[in-house]
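The same subunit A turns up in both complexes below, where it pairs with subunit B and then with subunit C.
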Partner chain A sequence: MSDPATAGSTTPAAELPTGSQPEVHHWWRLIAIWVILSAILDPLFYFLAGPHIPPGRMTTTAGGAQFDFNVLLVIALPVMLGVWIFMIYAVVMWRASRGGPEPQGGPAARGNLAVQAGWILTTTVIVLFLAGFGTYELVQPGGAGGGQGSSPIWTPTSKTVLPVQVIGQQWKFTYRYPTFGGFETTQLVIPNDATIAFHVTSLDVVHDFWAYQLGVKADADPSYDNVAYTTTSQLGSFTVRCDELCGIWHGAMYNTGEVVTPAQFESWATATESRLAANTKLLPSFSYTYVPDANGADGGYYPDNVDPYSKVETYGATPTKSGGSGG
Partner chain B sequence: MPTKWRATTAVGLFLLAVVGIIFAIMGLLSEPPTVNFTTNHAAGQPVDITLETLGTYGSGPHPTWVSYLTKSPEGQWVHTTLWTVPAHTRVNMTIYQYDSGSPLRNQQIGQVTGTVGGQATLNGKPFKVIDSNAGNGFAHTFSIPTLGINVPLYGNNANANLCGAAPCTTKSPHQVIKFSFTTPGPGQYPWQCFVPCGLGYLYGNGGPMQTIGYMDGFLKVSS
Partner chain C sequence: MAIETTQVSEFEYRGGSLATRQPMSRRSDWLSPHAGWAVVGAVVGYLIGHWLGNVIASGYAHVQGSGQNDVATVLGLSFGVAGFMGGIGALTYPLAKMLGREPAFELPQRSWMRYFRMTGDHKVVGLQYTVGVLLFLFTGGLLAMGVRTELLSPTNHVFGPGTYIALVGEHGTIMMMMASSAVVGPIGNWLVPLMIGTRRMAYPRVEAFSFWIFIAGYMVIFTALFFGGFPTGWTGYAPLQTQASGGMDSYLVGFAVIGIGMICAGFNLAVTIINFRAPGMTWGRVPIFVWSILATCALLTLATPTLVVAGLFGVLDRTAETAFFVNEHGGSNFLWENLFWFFGHPEVYIMALPGFGIVMEIMPVFTRKPLFAYKVAAAGMIGVALLSFFVWQHHLFQSGINPDMRPLFMLTTELISIPTGFLFLVALGTLWKAKIRFDTPMLFCLGMLFNFLIGGITGVFLSDVPVDVTVHGSFFVMAHFHYTIMGGLIFALFAGLYYWIPKMTGKTMNKRLSKWHFWTFFIFFNCTFFPLFLVGLLGQPRRVFEYAPNLQTLNDISSISAYFLGASFFFFIINFIWSIYLIPHEAPVNPWGSLGLEWQTPTPVPWFNFEHIPVVLTDPYHYGEPGAPPVADLGRVLVAADGAPIRGGENGEESPEEGREFDPQPPIL
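Our next item is the complex of A and B:
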C-alpha cells in the first residue's frame, strides 16, 4: 500500500534524498481544503439558497419536499466539492509545464485499500442514510403529497379535512366541492391553515394533477379515486398542470389556483355554490369515481355508488353542509 | 439469406423509415389556412365570426369526421379552425349547428361561461344552462379554456335528415347559437370542442378531437 502523503507527488518518494521529508502532504492538504470549503458552503447554501428551493413552503408537503431537496443538496455539495477540488488541485499542482520535465503520476488508486474502503464505506453510508431518510420523509401524517390510491395508508392528523375532487378530462381539470353542495367549477380555491384531501380521478384517459407549489402530484386515472393530502400554510396562487401526456392539448391543460383565508374561502365557496346551483342540480350525485361511456359522444358520467363521504373529511364546523349532492 | 439480400432489405427498410418520417413531419407541419379577421377591421368595431358544425365533413381525407367550418370575411366557407383577430376587441360569434346531440359526459360544460353577459342565445332565446339529458342534448361546445369561455351547442334530433357534407345550408335542420366575447392581449389561444365527438376512437377523444381544422383550433390574437 502506498503512502497517502506522497500520492500524486511529481517526485517519486524513491528519488528523495535519504532522510528528507516528502515535499507536500497532498492528501492532507486536499482534505483540509475540502473540509473547510464544505463547512463554509454547506451552511451558506442551506440558509441562503435553501428557502428559495422549489417547490417553496406553501403547504406542509411542499415544505417537506423543499427540506428533502435541501438535505440532498447539502449532502451532494461536499461530494461535488470533493471532485472539483481534486480536479482543480490536480490541474494546478501536477500539470505539465512548458519545456519542463514530464510529470510523473503518484501511486494508482487501484489496489489502494484505504482509497477503496473509504470510497465504498462513504458511498454506502450516504446511500443507506438517504434511503432511510427518504422512507421516513414519505411516512408522515398525510403522506408526502403524492397520490396514495383509494385507501391511503398515511392519513392526516387533522380532524377537519376539506375534500376537493379533481376531475381530469381532455383537456382541462374541474373541481368538485362535496361539502358545498357538490358544485363543479374550473376554479381551484382552497383555504389556508387547512388540510385538503384531493380526490383525483379522470373521465377519460390518464392525466396527472400536479399542483406544483402545493407539493401535490397525483395521477388522475379513470374510474379510480387517487387521494393526496396536504395542509396549506401560505396564502397565494399556485399552478396546476397535467403531468401526463394526454393528447393534443396536454400542453394547454393547466390553470391557476388560489390559497385564501378561511373566511374568504367560505365566502367564495358559498357564493359559487349559489351561482352554479342551476347546473349543479344537473350534475350526477357526488361520487369519488365516475364511469364514463368509453364508446364516444353519447352517455354521461355515472357514479359507481361508492359512499362519497369519508369519516375524516368533515371540513369546517357546519355539519349541515356535509351532505351535499349534485344530484 | 445471402449477404447481398440482407443488405438490400436493410437499405429498403431504412428508406421506408425515412420516407415515413418525412411524411409524418410534413403532416405535422401542415395546417389549415388561417382566416384573417383583422384585414379592413376598423378600430373599436366588433368582429363578426360565423361558423358551422356538422356531423360528417363528407369529403377529403376524413369524410366521416365531425368538423367546424369558418366563413371568411369574403363569405366563403373555409375548412379551418384558425383565425386571426384583433386584440381587446369584441367578437360576435354565430354558430350554425347541424350535428345531432347527446347527453354530456360532464354536465359541467353544459353551462355558458366567459361570454359577454355570461350567456348565449339559442335560436334567439337567451340561455345560461341547459340540461344535456333533456331534449336533443349537446352536439359540441365552443370552448377556449385559457379564457374561461365555454358555450355548449345544442344538438339536432338524430332522427332528422341531417346535413352530411360540407358546407351545409340552412335548409338542413340546424340550431343557431350566438354569443360574444372580448379578445385578450396578443397571443395564441387554443380552442376546442369538449364533447367527445370522435366516434370510434377511445373515449371519443381521438380523430377529429385531436386534429386542428376539425374540432380544435387556435384563436390568434394580433396587436
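Our next item is the complex of A and C:
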C-alpha cells in the first residue's frame, strides 16, 4: 500500500544531507510520475477494460462483482504503481556504481514519524473504506450471489422468487423445479428479469455450484441447503462448473445453462413437467436436503426418516423448511 | 558436505558439569544410530504395523468391502515413523534416562557421517534442513511439471484423471509442508543462535527430532503415490476424504507427523529466542529476522496442533468408524473445513513471515543504510501473527456457513494488509537515497518485493466477498498464493541462501550462475503465474484436467514457462555442486560487509559458535554511521548484575554476579 503522495506531503523537507551537490527533489519527481501515470492508466483501465471484466453483466450479482472488481482495481493500480515507480526510481537513481552521495545513517534514516504515521493512516483509511464498500456490495444485492446457507440473512427485494434446486453428485449437476411439480433435469433453464433462489445441495461429497456468467457460487454440502440469490437481466447461455474438488472426474463436471424470456421459460417448464411426469413419480419427493439413509449407504439416497426397505411407508418426507415460495 | 568444525580442543568448558561427566561407552560408527538404521527401522515398523492392523481389523466388513484395510495402512505408517525415529536414535536419550543411566554427551564430529545422524549441533541441523527442504521443493516441482503438462491441452490427456488428481494433491501437500519449514528449518536453525549470541538451542534434541520427523513425514506423504494417491488436493475436504482410497491415510498420517515436527521446531526456536539471548541483546536490538522467526514460531506452536487433531479425527473416521466429518451420522463437513483453515490460514503466514524477515534483514546490507522503521517492522510481524488467527473463514465465503460472519471476516482479512504493508514501508524506506549494491541476494529481495506486491494486492480482491464469488476456487486464487508463497517465500529463501551460504559452508557461490538463476527464475516465474490470474478470471476452476478451449493459449504460455521455470533451478543445483564441492573457492569471512553478529564469528563457525558469550552493544543496522559502536564485544567481558559490561576480569574468572545465567555446555545428545 504505497502512497508516496501522502508520505510526500507529510515530509516536506526530508532529511537531505546538505552536501555540495544541488538538492534533488526526489519526492516531487516521484509524485509527478506517479500522478501522471495513475491519471492515465486508471481511466484507461476503467473505461476500456472495465466493461469486459468477467463475469460480465448477465445478472445483478455478476454486474456487482464486475463493478467491485473495477473499483478495487482502480484503487489498487495507483498503489502498485506507487511501489513500482519508487522501486524503479531507486534502482535507477541510487545505484552504488553511480558514485552519488554516501547513504546517510543515523536517526534520520532509521525512521521518520511523519512518513510512518502517514503510511499507516493511508493504508488504514483505504482498508476500512474497502471493508465498508465490500460489506455494502455484499448486503445490498442480497448476498452478492454467494451461498448463504439454509437461513439467508440478505434476501433480495423482489417479491417473487423462482426456487431452483441444484443437486450436486459425483460427477454431475441436476436441477429440480419445485414450483413445477419438482421434476428433475440436467438442463438449467431460467427466465430473464426474474429473481432466482438457487437451493444448492449435494448427495455425496462437497461440490460447488459455479454459474460463471451469473455471478453465482455456492458450495453443495451433503445434507445441507445452501441458498444463493441472483436476478437475471440478459438473455443468453452460461457455464456451470463444479468449483470444489470432488474426486477424479471433478474436471469433467460442467454443463451449460440458458437464460430465456419468461414466456419461453413458462412453456419449457410446463412441457418438461408433463414430459417427465412419469419419472418424477419415481423420484423422492422434493426436499431441500436428501440424506442417504443409513441402510442405503451403497448408493441409494432417500429422504431422511423413511425406511427404504419398508413395504408400507412411501417416500414422502416433507420439505424441511418453507423458504423460497412462489414462481 | 565439505565443512570442517575445528578447534574444539581450544575451547574451555566452564561450569564444571562437563568435566565430571563421563561419556557413555560408544559403539562403533556403523553400529550407532544413523539414517541407514532409520530406514531399516521404518521398514520393520511398517511391516509390524501392517501385520498388526490386519490382525485387528481384517474382520471389519467395511474394510473387506472396500478392498483395503485402512487400519493396516495407518498402523503400518505410524509404526514405520516410530521405527524411523528409533533407528535415527531419537529414543536413545529418553530410554537411557528411564533406565537410570546418564546419557552420553555428544562429541564434536568431523566426519561427513554427522549429516546422517541425530545431532544437537544447530549448524548441522540447519544444513540437513537445507538439503531436506530443497529435496521437498524439487520433488514438488517435478510434480508441478506433470500438472502443467496435463494442462497443455484442454481435451487431449497425458494422464488419466485419477493420476492427474494424485499429482495435484501430492504437489500441493509436499509444497505446503516444504514451505512451512522452508526458512525456519534451514536458515532459522542455522542462524538464530548465531544472531542472538548463544552457543546452542534451548532443546537441541527437540531440534534434531523436528528435522528427522520432518523427513519421516515427507516419506509418509510420498507413500500416497504408491497407494494410488489421494483425490482431495492439499485441503483434504471431507467427506471426499472419508470416501477416498488408501492414499488418504498417507495424507492424514503424514500431515499429523509433519505437524508434530512443526510444533517441535517452533517451540524450540521460540524458547531459544526468548531465553538464550546474549547479554545486551534487548528486544530493541534483536535482528529483524529473529523477530520474524519468533512470530512464525508462535504460529507454528499455536496453529499446528489443530492440524494434528484434524488429521487424527480423519484417521478415526476412516478406521474406527467415528463420524466427525460424516454428515449423515451426525458429523459435519464444516468441522473439517473450520479445523483445517484454522490451521491453514496461520500456515499461510508461517510461510510469508520468514520471507519478510529475510528481505528486511538483507536489504540494509546492500543499501548500506540502517533498516527503516525497525519498530514498525517488528510490530507488523506481531500484528500479522495475531490477526492471522481471525481470518480463516474467508476460505469459506461460499460454503454456506455463517453468512453473518462474512463482513467480519472481510474486515479482518483486509485489516491484515495493514501490517503486511509495513513490509513495503520498511523496504521502500530502506531504499530511499541508498547506495544499492546489486548482488544476487539483493536481486532476489527486489524480486520478492515485486512478486509479493502482486500477490498481496490480489489477496485484497479475494477478500472482497462479491469479487470472491467469481474468483474463489479458480486459478485466480491459485496464481495469488503462488505469487505470495513462491514469489515471496521462495525468492526470499534463495535470497537468504545466496546471502548466508558463504557463512554456512565457507565457500563462495559463482556470481554469474547466481545471476542467471535469478533472472531466469524471476522472468519465468512471472510468465508462468501471471497468465493464470487471467485464466482464473475467465472461469477456469482449480484442479481440473479439462478446460474451455478458448483458454488454451494462456494455459500453454503458463505450461511452457513452467518448464523453463523448472529448468532455472538447474542453475542453482549446478552452482551449488560446482562451487561448494567440485571447485570450491574459500569465502571471505564477511563477503557482504555485514554488521550482523553472525558475521562476526570465524568461518567455519566453531563447534561452540562463540569462544566467549558476546556482549551485544547495539543493533546490527549502523550502516552509514561512521564511528558507530561494533555490534558486540566478542572478547571476554564480564557482566554486572545490572547488565552493564565490566571489562578486563583479571583472573579470567567470571564474577558470580553475572547478570544472566548462560549454559556453557555443548549440545549434548
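Everything below uses one rule, namely that the second predicted complex is superposed on the first by the 250 of 327 C-alpha atoms of A that agree within 3 Å, B and C clash if a C-alpha of one lies under 4 Å from a C-alpha of the other, contacts with A are read in each partner's own complex, and residues count from 1 in each chain.
The definition used in the following text is that contacts are C-beta pairs under 8 Å (C-beta built on N, C-alpha and C of every residue); 3 or more make two chains touch, one makes a residue touch a chain.
Everything quoted here is computed from the prediction, not taken from an experiment.
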Using the touch definition from the top, say if A:26 reaches subunit B (first), subunit C (second), both or neither. second
Answer with first, second, both or neither: which of subunit B and subunit C does A:248 touch in the superposed model? both
Name the contact category of A:172: first (subunit B only), second (subunit C only), both, or neither. first
According to the stated criteria, A:91 is in contact with first (subunit B), second (subunit C), both, or neither; which is it? second
In the superposed model, does subunit B or subunit C contact more residues of subunit A? C
Pick one for A:193: touches subunit B only (first), subunit C only (second), both, or neither. neither
Applying the touch criterion given at the start, work out whether A:203 contacts subunit B, subunit C, both or neither, answering first, second, both or neither. first
If you stack the two complexes on chain A, which partner ends up touching A:282: first (subunit B), second (subunit C), both, or neither? first
Show which residues of subunit A both subunit B and subunit C reach, each in its own complex. 204-205, 247-249, 252, 292, 294
Provide the residue numbers of subunit C that touch subunit A in the complex, in ascending order. 160-162, 164-165, 231-233, 235, 237-240, 243, 327-329, 333-334, 367-376, 397-404, 406-407, 410-411, 414-415, 417-418, 421-422, 424-425, 428-429, 431-438, 446, 449-450, 453-454, 457, 460-461, 463-470, 472-474, 537-539, 541-548, 621-625, 628
As the complex stands, subunit B meets subunit A at residues 102-108, 110-111, 113, 128-129, 131-133, 145-146, 148, 190, 192, 194-205, 209-212, 216
Touching residues of subunit A toward subunit B in the complex: what are they? 167, 169-172, 174, 184-186, 203-205, 247-249, 252-253, 255, 276, 278-279, 282-284, 292-301
Subunit A residues touching subunit C - in the complex, by the definition given at the top: 1-2, 16, 26, 53-55, 61-62, 64-65, 68-69, 72-73, 76, 79-80, 83-84, 86-87, 90-91, 94-96, 100-106, 109-112, 115-116, 119-120, 123-124, 127, 130-131, 134-135, 137-139, 141, 143-150, 152-154, 200, 204-206, 208, 210, 212, 215-219, 221-224, 226, 228, 239, 241-252, 291-292, 294
